[in-house]
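Below, each structure is written out as structure tokens.
Both of the next two complexes hold subunit A, though its partner changes from subunit B to subunit C.
What follows is the complex of A and B.
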């Protein structure tokens, strides 16, 4: 069993991709701006993969995802700055707090479709409000400054090309975790749940427990991504963890294809680059998202991965 | 005591806004199964259009309400006709909901483009000064808001219960398939649903923008009408009305006695609790919808 998913994972294509991605900092060594962009993409790729697990593979609409991203970021920031925790401990705590938030939210899995989406949306709004209002902890709308660069194995990761490897390792670990999950009996049950929830329940699958698991795993991922973002930028502020970001991550998943793991990463890259490019449009850059969301839903609900339909169907990464 | 009465009036006034938006939101949900995330932004558009009308024409409030309402009804119809209906045929509810999020973003950006980022105040004539009557501070604007809101709700209630079209609309919301079998033109009723809910959202936008400000982020206030709709059981028109008023009261009184910084958190937490313990809403009987 273990061999089978590994064999599916290590294909020539995946090895080549990993090798190219590992070489990115060398290629971009002289362009700090592009390195920064790539690092940001990596953080958002983590988020996109996490949301994809819930939305694409679980078939449930989690609209408050950025809130959990924030839980991780603020936990890590507060623990390292105010309590002098080392990065590794704060990182784990960030994931734990995000999972705690998800546990708090988990009763809503009883709700179906629309009510569930509504509840997650509102949960996200509540978290964003807390980040804004609880100034004693989060420093409110002004933002939280002075988050230290992380120290890993005794080395302080200051340079962006070094930070890249930290992010790369996290992203790869997450990717393998999700890949593994999808190629396990859990993944099979997930597919059954998505296709027909009632039939799945009748066959003795504990659908509620599966949904809770999805929420918890995806929240842990968001927490990890938040912690990494906080230590990368040294600064966090509430808008990063609000509705706009939830929509942006949703857009990444939709763009790449809701059920294509590499698609989520491609989606994250495309959206971040579009954001950078259209920032010259100033406030109107978001309209690109709006129009794209509508057009994709109308004409290409399977995302970019759907374009390559026949090809992707045979590709090794299809779950 | 006089303070409390002032609070109650304000709570009911803001609540009537929530009600108007929530009614449309509920109607759309019942008729199409859709969470219309662009609905609060339609309310915002009403406030913006109302601002332009107010500064250019100085028409009295009720006219602003109706004209902005009509304009937003048109917008709402356009979004449904060209942005949602073609997709509705393909099914996939989640995709439709995501598309409405896209429409919300588009509306916000259109507002930014046309009216800019600065909050805009309605001309002073729409904001008469508060008067003290028998020791109670009465802000006329709140009374106007409450009055217009209540009149609109009474008219709606009559429309839904006393007219054939209103009953056909309710039947469509109840069960599109059964309604179709009874000879109701469901597609037409859905169009009417979007028109009517757009009208209410646009009118509500004028009311709220006239006392707060007109700005692209006004939709944030409209979002609370989601909570009102849920309080009212997500679907019943009467429920949405009561839900809006209850939410307005709870939030205003909570802000006064507990904390104004946390009043939104209070409203949203209430929403989640209601979803969990009484998905049929405050007024609903024991019956829960299959998706509740």
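What follows is the complex of A and C.
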């Protein structure tokens, strides 16, 4: 097939990768700490993929992404704890509320470049402020406790190795969704938009509508990730959903490689591991991140995916 | 089919298009000519919606589109090409043409999730048909940037035709083409005409304009100075002056 359009997701490479990832809980069965780390990576990989879609492929500088992560987490927490909703319903509601937040934000897509980026950043700050200040709902800076483990198909998912499969299913579903989106007329229009916006508009592509669609889809993803995080940890607090997390997810995308889906996942893994290793630094770990971000943008603008690009192009399954 | 009513465009102090009235009939081939800087391309930018008019109205098939965004004008049946072909050089030829379907079928999330096999078939068929129509036989998977200038022009036109336009605006379609390519262009415009498509073209190649167009509109300094058949326009003293200067007397 000479046409990249509508490429298939299922290849020997993707099946092998999925099989290896599915075996992770077995390999880490005796190491709860590593299992917990892997689960956290999975949640952040969901976020990184979502940001990759809107920022990498859409070229939209969404700097308040963690705010939508928080909308999902708090929605899910409040609905299950205070209103007795089952997990599945709360999970869907978490996505819906995050999308609702994005609808509120959507008028700003008419802003350009830096103005748009600033507006998203401020939107994220406002959400963080709400999580801190609206104590009646969020319990403020103290954090929200006692979020129940989810029940899926009648089974309570309590053990980390079981939770892993829940996260894995969500991540895989998200990956396939984004993959299909990118290899559809929508994805073609996205790439066209990046190359020549004038030609796109005079070809009948509604650029504004596409940008809003990307914001909404990526927010739904952030909402889903937030819900899964809340029920995994049983506890959420505002800093997790603040600007520092937005920057961390941005770094995952840049480090992994802009416009690479596997890159976003690898980026999430590397950043989370570094976060764990530098946690002794506390707030100062931001300095490490800042320097790393600058160095990466200067010396490896294509990210880790750029390093492997040459190899992957020569790989047998691409022939 | 396409009408402008006292359409003007001012850039700060400069009047690029000055109260231009156009009335183009369905199925007509209309030529827009005039010296450099006469406001021809600005007029196209106003009609296609890339510029906002300073004053005046634009109607397409009776509908007022003055305040309609460019993509919605495409959906309403308007297509245009550019002097320098506006393509997506890093996209495949297939993708370049496929983008043009947005006018009739906006890319949606739904298409990405369901019915992809049928969609692929339909899209492939219409892309192949359109490329055959513009006589571009190339590898669908090749990058558009690898095409020659003349091929890029045809590719751009193929993308425009994917939107199923009722009116196409061609900005200097013959510029940069050799004799053989111009002949192919003339045939293609003739085929569009036979299909009932209204064609408006800006062109400096007078022989081409005179031979191809039903009527010709002449712009100078943003104003319409003449309009009529080739013979009428050729004999118009204002046109002769605009093209050749005051002292000249010979035909165009």
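The rule is short, and it goes like this: the second predicted complex is superposed on the first by the 301 of 319 C-alpha atoms of A that agree within 3 Å, B and C clash if a C-alpha of one lies under 4 Å from a C-alpha of the other, contacts with A are read in each partner's own complex, and residues count from 1 in each chain.
We adopt the following convention: contacts are C-beta pairs under 8 Å (C-beta built on N, C-alpha and C of every residue); 3 or more make two chains touch, one makes a residue touch a chain.
In this text, all values refer to a predicted model and were calculated from it rather than measured experimentally.
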Touching partner for A:187 - first (subunit B), second (subunit C), both, neither: second
Contacts of A:236 with subunit B and subunit C, given as first, second, both or neither: neither
First, second, both or neither for A:249, with subunit B first and subunit C second: neither
Touching partner for A:301 - first (subunit B), second (subunit C), both, neither: first
Partner chain(s) touched by A:202 [first = subunit B, second = subunit C, both, neither]: second
Touched partner set for A:109, first subunit B, second subunit C, both or neither: neither
Touched partner set for A:125, first subunit B, second subunit C, both or neither: first
Residues of subunit A contacting subunit B in one complex and subunit C in the other: none
Complex contact set, residues of subunit B against subunit A: 29, 33, 35, 83, 86-87, 90, 92-99, 101-106, 108-110, 112-113, 117, 223, 226-227, 230, 234, 261-262, 264-265, 268-269, 271-272, 275-276, 279, 291-292
Residues of subunit A defined as touching subunit C within the complex: 1-6, 177, 180-181, 184-189, 191-192, 195-196, 198-207, 209-210, 213, 217
Interface residues, subunit A side, partner subunit B - complex: 55, 59, 61, 107-108, 110-115, 117-119, 121-123, 125-126, 129-130, 133, 247, 250, 254, 283-284, 286-287, 289-294, 297-298, 301
Touching residues (chain side subunit C, partner subunit A) in the complex: 48-50, 69-72, 74-75, 79-80, 82, 86-92, 94-96, 98-109, 111-113, 116, 119-120, 123-124, 139-141, 156, 159-160, 162-163
